[in-house]
Amino acid sequence: MAKDSGGILRWMAEYDRRYVYLALFLVMVGPLLRPIGMPISVSPDTRQYYQVLQTVQPGDKVFFTLNTEFSGYNEIQSGIIATMRVLVEKHARVCFGVAHVEATVIPDLIVKAVQAEMTANDYQYGRDYVILGYIFPNEAAVAAGAQDFHGVVTQDWLGRPIAGTFLDEIDDWEDWDMIADFTTGIATSYLVNHYALRGTPMIMNCIGVMIASEKPYLDSGILLALLQSMRGGAELEFLIGHPGPGLTAMDGFSFGHYMLIIFILVGNVGYFGYTRQQQMKVDKEAK
Amino acid sequence: MLFSVPGIIDGRFIGFLLNIAMAALVYYYIKSKKMVHIRRVPGLDAIEEAVGRSAEMGKPVVCSFGIGGFTYWTLAGLAILSHVAHLSAKTGSRLIVPTGGGDQSLIVRPVAEEIVKTAYTMEGVEDQYNPDDLPFYSGQQYAYIGGYVGVMQRVRPGSVIMTGSHASEAMNIAETSNAVGAITITSGSYISNVAALACASDYILIGEEAPAAGAYLSDDPSQRASIRVQDLFKWLAIAIMILGIAARSLGNDLMLRLLST
Amino acid sequence: MAEILKNRQLQIIVMMLSFLFVFLPYFLNVPQLNTASTKLITITSIVTAFTIALAVIAQFRRGMNIINRRSRGWYFKAYMLLTLVLMVGFSLISRETGPYHWVMFAVVNPLSSVNYGILAFYMASTAARAFRARNTKALMLLISGFIVLIYQAPLTGAYFGGFEPIALYLGSTFAMAAGRMFLISVTVGAIVFGVRVILGNEPSVLGISKEEK
Amino acid sequence: MVDFIEISVVAVGTFLAMSMFSTLYGKSSPLYALAEESYIGFATGLTIIWNIDYIWKTGIVNIMAGDWVLLFSILLGAMMLLRVHPKYSYVARLPIAIVLGAQFGLSLRTIIFTGFIQQISATIVPLFTGGTQTLLYNWTIVICVIFMLTFFFYTIEMEGALGMSAKFGEYLLYIAFGTVFAQTFMGRLGLVIGFLQSYTIPDWKTPYLLGSMVLVLALVMYMDKAGLLEKLTPEE
């Protein structure tokens, strides 16, 4: 391709996009195989999230909602696990709820990831945490649960009755001390509309795509804190001093960004160089 | 809070009032059957040019209206589809309309079929209408994508016009469309989508431009009326903001208290 | 009975009543009404869960059609229907372990991730192609995108903090304001559309114009 | 020791994932179709299971506990199912009307607050008090929101001052789009890295990931050369 008229500049302007795909793939896999462990900086939004988490009291009832598919879980699992770790250390009582069928097995993964802390803090199923299944299939389900919790939820994800668990203390939205929402945007606006708007304190960890849509809620005070994408999760891991999947991924994350920046620069140099070259050619012919 | 109204829960009065006002305005405009003036969105010129260019090159046009159920984005998409169907019938280009993609899209599909068929009939080329050119790519988003991308790679359209309620699959479509060398015109319904599409497409109808274009093209007074009511409420929003900011800067929070009433 | 159920006027009236029964108790200070309204909302959530069946039936029909016609690659559809039935069967055995668990992690997890992850590649090629300073608008896009991209690579901030304040400024002002503007205009649009439906002005939403095949 | 089941999860997972990535090659392939149909089949199965589960736990369990009103939900749900019956589809109109009414009731009663009133309130900020940074932020937000909104008026012509304001608003929008694009890219990148991470940690998984990649790429290129791609891919 590069041998045509225009040479390297033309190639820089019009290269095959499959090179982009391959390069991006390689720069992400490389650091995962050989982690470098580069330092990172912490953003103010993450600090805010961390501070809100610090206000959790022992015995607080936290609604841990997973509005995500598996894909979203891969992106924000560092934030999810780090948040859970803090909650367990604060000895909050946690109830998992799920808004996507794929997420029904995720609470199990989270519990396994923080097993050590849970054992150390003597966490018992029912008394300290409960795993509910797919309880948010649509907006009506969320709204009904906010007004009459036991009218909607009767059993946990494996069909065991929830009577006798700490959920006996929950009647409606007022009884939750906090909602921690982890989201790709499926039922999040419903939780915002039917819980947070009424006054339930709500914090959120969203995927990168959702940041711009959720920021107005943070700015207007409906959300107390917003942890952003995988980078926020890594920063939270850094703040709580417990490295996890987020921090190990940050090398690849940096390289992925730099790779794209290089491609943009190459593209611009190619574009302007090539257009100028063509222009000069035209001028020469005109003369 | 400024005051409380007996019988109404504290802090919810203004919201109630605004809802009622909006309903009343919509009702008024629909009843009066007035054809509200709507300005022509520049995106429409881009669409017409794209279809024209496809006809010159003898290439087909691909036009889709989203994967959602009946929302106002879908209605806009259908109005634009109708326009594109007329244009392609007039210029003699083949029109391909991928449908499906969501659970709710099943309800929209027959309406789209009717729209395309009517357009061909009205342009007097009913015999060129081919139901197979409205393929149904299942009710699943990513099966839809596979089909959509596949059809673009096979027929190499001259232009791709993608409006209505598309979600994350919009990027696959826009990139493939660009890769096969088609003129890409898109619209996005939420901000991260719009931002990505603004980069990926040759022309984009930003946010509300699509419903406005749809209302401009349709002769349904109620669709036009709703654009007018939306405009009125945007004016209201700006007015409240300016008044409130002025007052707040002078140390008065009357407006904020009013809004929380 | 059939005549009553077919009556379109009745359908619109029922819809309006159902709307008001949910809408009003949120604003009015009448606790009894609220309790009844909560019941209606619960009922709605269950009925909506039923609608999934409609999509599944459509899926099945389409699959069977393709198989019956023996279109090219029909066996893929047969395979799809088989996996669907298998999954339901697996869930009856156990949802904690066994084949259900295996499918969740060997099939659903990776495919769901790739489904959306693939967009990273598309976005990269878009950026490489579209972030070019062709005109003023593209230049604005390029500059702000460039700054935020550099800032977002965590390594940058650790060694060079210069981009951070600018990127945070862009994110909390321009991007947030655009998000807010979209939110306001979409909210108004959605309410106006809702009002139009409730007033019976959008019959197609109720599926009145034509039932699907 | 890693057991066979765990290995099979990783081997099958990476192969299917790479098959789905094969669409980046730019041509439709039977491998992509395999991945796609696997996902659709199993995910649809999953949807069925959990929606029945919801109906059971919220509906039937409560009815058995004596909440008879919920019998209506089962009745209406059954009526809804008749929608697919060519002759009796009209029966579904009643549940559709109820569901739509309630849905619009739910959304209209709340979005006016979260999407309109609270957003306006949050924009009402003081423009002359506060530190330099606060002032800069406040001014920018106010200018952005107001000018961007003027870009979205449709029932009057964009002329004179309004036209200029809309033009300015459009430029501001493009600055925002650059930022949002970068954020979105960050999200998608995080997604891929998270996915890759689950197949590179612990170490023993990596060969399966790279092996699947090479295998799928080789298969696709071979089929492309042999002209099998078109022949084996199902027509949609």
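When the chains are written out, they are named A, B, C and D in that same order, and each has its own residue count from 1.
Convention: a residue touches a chain if its C-beta (ideal position, glycine included) is under 8 Å from a C-beta of that chain, and two chains touch if they have at least 3 such contacts.
Fair warning: this is a prediction, and the values are worked out from it, not measured in the lab.
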item	value
Chain pair with the higher count of C-beta pairs in contact (B-C, A-B)	B-C
CA centroid of chain A to CA centroid of chain B, Å	29
Computed distance of Cα centres, chain C from chain A, in Å	17
Chain centre separation (chain A, chain D; CA means) in Å	14
Interface hub residues of chain D, defined as touching at least two other chains	23-24, 26, 33, 37, 39-40, 43-44, 46-47, 49, 51, 54, 58, 102-103, 106-114, 116, 119-123, 145, 149, 152, 170, 173-174, 176-181, 183-186, 188-189, 191-192, 194-195, 198, 233
Contacts with two or more other chains, residues of chain C listed in rising order	23, 26-27, 39, 41-42, 44-45, 48-49, 51-52, 54, 58-59, 105, 108-109, 112-121, 123-125, 127, 129, 131, 141-142, 146, 149, 152, 171-172, 175-176, 178-180, 182-186, 188, 190-191, 195, 198, 205, 207, 213
Two or more partner chains touched - positions in chain A	17, 21, 71-72, 74, 102, 104, 137, 140-141, 143, 151-152, 209-213, 216, 219, 231, 253, 256-257, 260
Pairwise touch network: line, ring, star, complete, or other	complete
Touching residues on chain D, where the partner in the complex is chain A	24-26, 43, 46-47, 49-51, 53-54, 57-58, 61-62, 65, 67, 102-103, 106-107, 110-111, 113-114, 118-119, 121-122, 176, 179-180, 183-198, 200-201, 206, 209-210
Contacting residues of chain C [partner chain B, same complex]	23, 26-30, 51-52, 54-55, 58-59, 62, 115-116, 118-119, 122-123, 125-127, 129-131, 141, 178-179, 182, 184-186, 188-193, 195-196, 198-199, 201-202, 204-205, 207, 209-210, 212-213
Complex contact set, residues of chain C against chain A	34-35, 38-39, 41-42, 44-45, 48-49, 95-96, 101, 104-105, 108-109, 112-117, 120-121, 124-125, 127-129, 131-134, 142, 146, 149-150, 152-159, 161, 164, 168, 171-172, 175-176, 178-180, 182-183
Complex interface listing, chain B residues touching chain D	12, 14-15, 18-19, 36-39, 41, 135, 137-138, 140, 142-143, 146-147, 149-151, 153, 179, 191-192, 194-196, 198-199, 206-209, 212, 215-216, 227-228, 230-231, 233-235, 237-238, 240-242, 244-245, 248-249, 255-256, 259-260
Touching residues on chain B, where the partner in the complex is chain A	168, 175, 179, 190-192, 195
